[in-house]
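There are two complexes below, and they share chain A, which is joined by chain B in the first and by chain C in the second.
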Partner chain A sequence: MKRFLTVLCSLTGLGSAVALLTTLPVSAPAPPENPLTPEKIALGKRLFFDPVLSRDRTVSCSSCHDPQHAFADPAGQAISPGVQGRLGRRNAISLINAGDRGALTWSGASPNLETQAVIPMTDHAELDLTIEEVVTRLSADPQYPALFQQVFRSAPSVQNTVRALASFERTLESRNAPYDRYQAGDAAAFTAQQARGMDLFFGKADCFHCHTGRDFSDGRAHNNAIQLFNPDLGVAERTELEGDVGKFVTPSLRNVGLTAPYMHDGSFKTLQEVVRHYNEGGEPNPNADGLIRPLGLSATETDDLVAFLKTLDDPSIAGNPAFQESR
Partner chain B sequence: MRTLILLASLSLTSAFAAPVTLNLNIMNGTQPFNGALTTSAGQTIQTTMWQMYISNVALVRGDGTEVAVPGLNLIKLDGKGPFQNILAFKGDAPAGEYRGIRFDVGVPRTLNHVDASTQKEPLGLDAGMFWAWNPGYIFSRYEGKVTIGNQTTDVYLHMGEDKRRLTVDLADTMKPGTAISVGAAGKTVNISLDASKMVSSGVNSGKFDLSDAQYLQVHGGPVADQLYLNLSGAFSLTGAPQASAAPMDMGK
Partner chain C sequence: MKTQPLFLLAALLCSASAHDTQLAGNVQVTMFTDAEDELRVGAATNLTFSFVHSGQPITTCHCRVLLYKGTPSARVPPLKDLYLDALTGGQGKALLDGLPAGGYTLVLDGRPTKFGDFDAFRMRYVLSTQSP
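Let's turn to the complex of A and B:
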């Protein structure tokens, strides 16, 4: 639930100055252990764009979660490189509205943004620091110790680093796509083709079974049969259950037109390719979800469905100053 | 009336908590451990870190019943040591005569799936013991460097998950030699951990061979299962027969 708070804040000197009377941005609800404050959000935003958190100081969170592409991988990249150009295994999921979701990452490994942030920080192919090195790195920085004191009244720690990052990420909210305006009653927000596509999405194409809710994700893991064999085990990496091999958490379809390529490995370049995959019934994977089957969509219906998917895009994200690196 | 009050207070005194301390000495076979750990394949790891949780401690009476010693501790060692006389755990228990002690290497199930970002140390994120991409904590986090040929490589031996919570049973109700007498002033229980056992056996009765990549970065799977088995025989009361550990419950 969105909340608007008006608080009195003093000037913080956090790079982007906070006015004497300021309003917290629209945000996902925050847990009681990590309440939102403007100062914490500002610190988190600074950390998000700062390569200080990577071993070779070349990669930041924004390197893979690009504001110009709804905080997903930069244009055309299936997998963004980490330190020293190392490639991981998975496509970066969009962070838009991530604060409203429970099962984060493709394998649903993290219940919240705080614990999720530890993964890329410590992954060998991403930022590649140890927990201890994060603290050492920030403590040795000329500015972060003072900033952490201002916000948390303590020295830099991993706990507070992820709390700051999560606070900024909770402000990455966007539900002002043509779809939202259409649902709110603006009939002119959709073309006839897009409306036909919507009917297919919620009907014949059956997309809504998994891509459901206001962010078009059920938050559950499914095997969508994109491969016959799964080199990436997905959820089974955590559960070690054979039935979970190749299952990945349903991604949100918000801004899907802005976040190509698609699937956990970025192996599908276009939305047409994605729809064609589902229309053909996928590969005969033994763990394939029972809903994966040939859909019988015509070429026109495929185009209509793709047109509808693009109504979930909010192009204003790329230009929103609150989402950009502060200069 | 005053006599009754005095008698009551005297009887309560014996139930007052006394401090119980686990004092850990890490060994390398029969020698004190100095940070160099040699595998069964003859490769030597220079330790850079070893951290493990101790929890679910209980003193065992002669009739087999237990008295819980509440608390949880994280042992944190770097590569420099010391590796002897380590405070592994401290808690309070009633004074009395016991036949031994039992504890877990790991975090209790009720805590193993909490949100680490909300926890205080030693269960917070800064302890470095929370797997961000896997449910739960790392129970034993051993890290070091090994040189094979002219290549130096990092070694990560991380063991966790509910099924690998290692129960170390240092109580034998049949053998008075394991007796632990806790007086009003408390008791320090000396235990040994033979580090060499951790890397003594590999998967399928093979060697723990670090030239095989599966042994270099262990976070789960068969090698983590093997670490569990190896460590299950590694603890002992100092000067007493070797410990036994509960069999791994694959259904946990």
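Let's turn to the complex of A and C:
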């Protein structure tokens, strides 16, 4: 079949396309203006792990998006320090399957990975470079000018830097958790407790209203009532609407057991705390989502629900060489 | 004898108009103050909430009273945040003190101490201040 395609594409002048099809990893769909190539993915991966993109050359994208924790904050860190130990406001969201999402960052500030990449690069509490400094820094590097030339046939630019980063991030795909195997018909992928937890997730606990779809996010913003009021305005920072104060985009639940702590501020250390919050009905925040109310889950049901949530974990991410820093 | 029912009806109507009664799910709450359903400026105001579920007084509740200046906003904390866990005869009381003149919104948030005893509720009351 592959030989047939090669012949067909050679005849139609698409030989190089076949080469890509056989060498590209599984990935989220790329936009037409930034098609994936193996070389661009490799450059993006190098940039992702390289502290060259931070003012004091001490932190990289991977400092907050740790491959050992499904590309979310390193273990136990509510908020990872940026340059000079500065702390931002929000917990780093897992990048697994992020390329399939239409509203990136907690406030939905970016529609795609390319625009998202600029935010940490220029944030004072994160990498803290200006657009001009990114270009200067990469252009002065002994290796990046040649790599950019090879991939983009041009000198380093911010546009191509974010294109390369986004290309690597689009390869961070994972849908091989016990939940996926169970859905594919492998009944042994679940314990009885996990199956009970799934029934609760899609029933009594009502989690599925917001955590829906194949990555368990509706892609919309909600105020989930974890605080009585919201010093971090969330979506309202962009919209300036009173009703958007304290709203944050529903995170994916993929690998949720690997990405503690939880919520936009990392204020909940465990999944048990998260479930307890929803079970009690949250704080009476003026913008609290109407679906948040006491659920009446028993202690056993809470444990069942947490057991189900952990079936969304794919432990192979941490050992996947394609996702690790190249040595 | 004939005047007594009329008197009672009149009293009930006056009572209904004087106090703010709201219904949420299967819970009815009547709120009244000792200042003609307003809040006193610079002096204490006693608030009383009467809780009824299925015609019976509610005896226990995780109830919370939040007072906001103007309309409640998620940007700012409430001016007052009080708990009404102890109910007597289906009534809970709260004391508001030291308020400047202006308009306020009181939010009453209630959840059953035992799930299922009654529906969780959240009610809003718009209040203004009364000069001393």
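Convention: the second predicted complex is superposed on the first by the 305 of 327 C-alpha atoms of A that agree within 3 Å, B and C clash if a C-alpha of one lies under 4 Å from a C-alpha of the other, contacts with A are read in each partner's own complex, and residues count from 1 in each chain.
In this section, a residue touches a chain if its C-beta (ideal position, glycine included) is under 8 Å from a C-beta of that chain, and two chains touch if they have at least 3 such contacts.
Predicted, not measured: the structure shown is a model, and the values here were computed from it.
Enquirer: For A:Asn223, select first, second, both or neither according to whether it touches chain B, chain C, the two together, or no partner.
Expert: It touches chain C, and chain B stays clear.
Enquirer: Where does A:Leu291 make contact in the superposed view: on chain B (first), on chain C (second), on both, or on neither?
Expert: Neither: A:Leu291 stays clear of chain B and chain C.
Enquirer: Quick one: chain B or chain C, who's touching more of chain A?
Expert: When the residues of chain A touched by each partner are counted, B comes out ahead.
Enquirer: Go through the superposed model and pick first if A:Ala75 touches only chain B, second if only chain C, both, or neither.
Expert: Touch status of A:Ala75: no partner.
Enquirer: With both complexes superposed on chain A, which partner does A:Ala299 reach: first (chain B), second (chain C), both or neither?
Expert: After superposing on A, A:Ala299 lies clear of both chain B and chain C.
Enquirer: Figure out whether A:Val158 sits in contact with chain B (first) or chain C (second), or with both, or with neither.
Expert: First partner only, chain B.
Enquirer: What is the contact status of A:Ala146 with respect to chain B (first) and chain C (second): first, second, both, or neither?
Expert: After superposing on A, A:Ala146 lies clear of both chain B and chain C.
Enquirer: Residue by residue on chain A, keep only those touching chain B in one complex and chain C in the other, then list them.
Expert: Comparing the two interfaces on chain A, one with chain B and one with chain C, no residues are shared.
Enquirer: Mind pulling up the chain A residues that touch chain B in the complex?
Expert: Interface residues on chain A, with respect to chain B: 31, 33-34, 105, 107, 109-112, 114-119, 122, 130-132, 135, 157-159, 162-163, 166, 237-238, 240.
Enquirer: For chain C, which residues count as touching chain A in their complex?
Expert: Chain C reaches chain A through residues 64, 66, 68, 72-78, 81, 107, 109, 111-112, 115-116, 120, 122.
Enquirer: In the complex, go through chain B and note every residue touching chain A.
Expert: 115-118, 124-128, 130, 132-135, 220-221
Enquirer: Touching residues of chain A toward chain C in the complex: what are they?
Expert: 223, 228-230, 233, 242, 245-246, 280-281, 284-287, 293-296
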